[in-house]
């Protein structure tokens, strides 16, 4: 980490001052590694990777500690829960839910939020006021509570979780994209495009959208972490994907009451969440440094 | 002009300020020397990135750290080397003996405090006194820069003022503790022409009243012609020519100065064609060993590429760094 | 000068409403950005609009470019009212009128390659084969002094001067009749400005294109323009052929501008006219002659009666009571 | 200024109204609202009573108007689970506990995050900054409920320093408040840091240094006031996050607040109580926003003199 020279890029601006960017971070190798082996691979290939059936346990093997603790066996490296289910296998299957929920939610909310944000920022006026009001309202919703209400009314399901997260997330995209669009709209290349006769649609698609992609990438990366946290909280409260499907949040809920006698039940799924989200945050930070147009030579 | 020009008040010897970046060492200021006399106006002219602003910040020891560092040189203000001072001592010098007017009035005032607050703060650092006397000093400073109804203006926030008015306030802050030397870093570039004329006249009047020395940083030879006694032309971190303003305009010696003067259209006549300097200034992190203007110079020879020319005298107090002058 | 000028502007007005209110927006005043101006530009000539910020020169440019709708008055290109154009006529107009903006750092889309940027006006408005477009791109890049290989680069790989050349190339590609130059050199380094000014003058001679030059720097207009119109608070106060204006500026505001312009040599001393105060707000501008609040020679009638545009000499218009 | 607050107030009311629509709608999205409104074991008689009380035999818009007119008066009907209590009464009785928890969490996050963020920006690229950044990143990556469980395990179970759950006294407040505020500390610290970096770069800071102002005053007077605006904006958004975060944390620590009430009510399908909670949460959130808006105007004269 110790470096004699500050790692930074000189940038000649029109006013000629050499500006310095933030020191660029190292390539996030470890975070990417964690993501692949904790989220992506298990999420895609859980049935091939998991040593045991995640749903059915054997009562004889209940409350076994991890392998390095006295009484633990290599059969269940991370131990078992109170009905004898293998923690490791459940974590591997749990990754599926985290991956699926976050990808679907990010995609849906990203598309909706970006489209609305582009329109709000580009057209301005009443449309902008309307969309931004909706954004404010959506950001002000007590999401977890609303999710609980949803679950009470409709019942817990994958769809419920995705709908609830989308309701929260689209607004963040819309807000961010609108802000960027507002500033891009004032730049002269938009005026040039209008002079050249480009339609509104073409301007949004060819001129504004490519200039917000970087921001969207960064935001999406950071939001995946937020979705995983939200999903786990819902599962923890019993408002997520219904049992017996293993999710990281519901595993922690299982372990809560047993924390005194079997700390590993709550510990490992929590660590899985933490490491995944931490990796996503590190990756997002790195992407921000790399991609954010403000820090690059334009 | 009825100004009295006195002894040397500020002398800069062989100043080097480098920026240490990933792309290499940016030699923003690379061996700058000059002297400023009391009551005199010295112009520093150059294009963006030539090091003129970095020179100014180096004098105040306010270069952006940790990236930039003053690596060598002396800055003698009334005989004391500022580069030897502690940060604490520097704070007593800034504003009180050496001050600066920044370029952009829109951003150089803090939007959340009243201008009275910001002005009083400047005065309070260097003067003790009852709130009442300090306030009257602040009001005086505002009237010195011809702000109408200064008693009421002290209550205003920056956003309630026009650009020209804000720049006057910035001037009042810089002048409020009666500094001996003031650095004006392109103070009029963002102002309209008629407002610029007001501001330039104001600076000249204040100089006549107080005997202030001014370093005027600009990219515009017109401002030099109007305001300065002596001028120093910078290119890529070095001073390529310096001398009395009339000498420079009448007999520019360095090819860069010559080209700059010819490339600017004037009010007085319309040339058939403007002289255009081809190419652009070199990147400061990959400077050639020789003269930095070589690539754009119509007279470039082999030796220009290899060794940086020494300074040659071309008149009284008038020097230029160009090999062509060696023979003359 | 018997044929109809390329661009005609008749009694053009643009007023922006100032609104206030919680739910129902109420108009409480009007910003008279452009208030009844007229001028014309013949084919192959340059008209400069000069004035300080807020004088309406940029709004005028936007009106000509159809980026704003006029409140009143009309703009004619080749005798056709610009703001009535629809369909194919509009497409033809979009190729006939182009623009170069002030800031080369913001006027090129950072996510498009140079060849895409330059080709855009053709791609949008004309049906041409890819090969024909590519050939035309090479042609204009060459005419602005850029190398063909540079077409595949992105804007951030260029310096300010080169970027402005790209912007000029893009404006030229559709063989326009008129290019609006909005402060084309003021954001550039001093040593680069002459390159671009020379280029623009050369291109005008080569292609017989007309320019409307927006500028605040008088010396630039002297070099580039055939005719100069001086604007103050939404009005044209004086308009004349360049030589005539620079030999004998008549309007007190023009004179003040001339006096404020920086000299080219320390020995040049001009009559010093320092105008008091600042440009008043264009919301509810001063009555009578708008300049009377700062005018050194204002008389009593100036505050009440608006001066008429009067031709003092052929082609030299001035709006001031001194010359009535 | 007045105008600005009035606009904000109107917007808040609008948001509240939308919220009422959602709450009303949710109970009716799935066929017969009675199914959603009442637990499965409710008797036919009870169903009929509710149907009549809520006017469910009338058209939808009439139903909504009835709901709204009652809601405006704070009447969400009687609780199903806690017989003999009104829904609103139950919620209001539990609200102080939640506000106490959220308030302490906010206090912790501000007291820690503001100075840490400022120092991280001032000491940019030093060890302090790196450690600060790591702590902040970690804070944003921990699920609050898990942190709560682990803290409880360490400090209450293993070390026995603090009680595990319940309300009463400062000792019982520490663990839940830290768990709830942890995420906020991380976020606010990062925001303050980046806002400070922007401000430190600005021209007016340069001018204060030219004046000869001490670095301490430059940072704590000039920079902080400008930089505070950014995290404040975030804070408005996250007042809601804190409120909902309390649902999770209260259940971990068996804290007798509205969050716990919410979960109990939902599990018992006590929709009257749920509706009251949602509306109360929204009101608290909007009220917090309003306060932030007023603070905003205090910090930034450009808004004050609009």
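In order of appearance the chains are A, B, C and D, and numbering begins at 1 in each one.
Criterion: a residue touches a chain if its C-beta (ideal position, glycine included) is under 8 Å from a C-beta of that chain, and two chains touch if they have at least 3 such contacts.
Computed from a prediction, not measured in an experiment: that's the story for all the values here.
**Student:** Fewest touch steps from chain B to chain C?
**Tutor:** Minimum step count, chain B to chain C: 1.
**Student:** Sort out for me whether A-D or B-D is joined by the greater number of C-beta contact pairs.
**Tutor:** Between the two chain pairs, A-D has more contacting C-beta pairs.
**Student:** Please compute the C-alpha centroid of chain C, do the same for chain D, then give the distance between them in whole Å.
**Tutor:** 53
**Student:** How big is the gap, in whole Å, between where the Cα atoms of chain A centre and where those of chain D centre?
**Tutor:** 21
**Student:** Averaging only over C-alpha atoms, locate the centres of chain A and chain C and give their separation in whole Å.
**Tutor:** From the centre of chain A to the centre of chain C is 49 Å.
**Student:** What are the residue numbers in chain A that touch two or more other chains?
**Tutor:** 6, 14, 16
**Student:** Would you mind listing the residues of chain D that make contact with two or more other chains?
**Tutor:** Answer for chain D, listing residues that touch two or more other chains: 125.
**Student:** If a residue has to touch 2 or more other chains to count, which residues of chain C qualify?
**Tutor:** 189
**Student:** Quick check on the complex: what are the chain A residues that touch chain D?
**Tutor:** Of all residues in chain A, those touching chain D are 1, 6, 23, 133, 136-137, 139-146, 148-154, 225, 229, 232-233, 236-239, 249, 252, 255-256, 259-260, 263, 266-267, 269-270, 273-275, 277-278, 280-282, 285.
**Student:** Can you check the complex and tell me which residues of chain D touch chain B?
**Tutor:** 125, 202-204, 206-215, 217, 222, 225-226, 299-302, 305
**Student:** Which residues, counting only chain B, touch chain C once they are in their complex?
**Tutor:** So the residues of chain B touching chain C come out as 47-48, 162, 164-165, 192-198, 201, 219-226, 245-246, 249, 259-260, 263-268, 270-271, 273-278, 280-281, 296.
**Student:** Which of the residues in chain C come into contact with chain A in the complex?
**Tutor:** 65, 67, 90-91, 94-95, 97-99, 101-103, 105-112, 120-121, 124-125, 155-156, 160, 167, 170, 187, 189
**Student:** If we count contacts the way the header does, which residues on chain B are in touch with chain D in the complex?
**Tutor:** Within the complex, chain B touches chain D at residues 60, 62, 66, 87, 90-96, 99-100, 102-104, 107-114, 121-122, 125-126, 157, 159-160, 170, 173-174.
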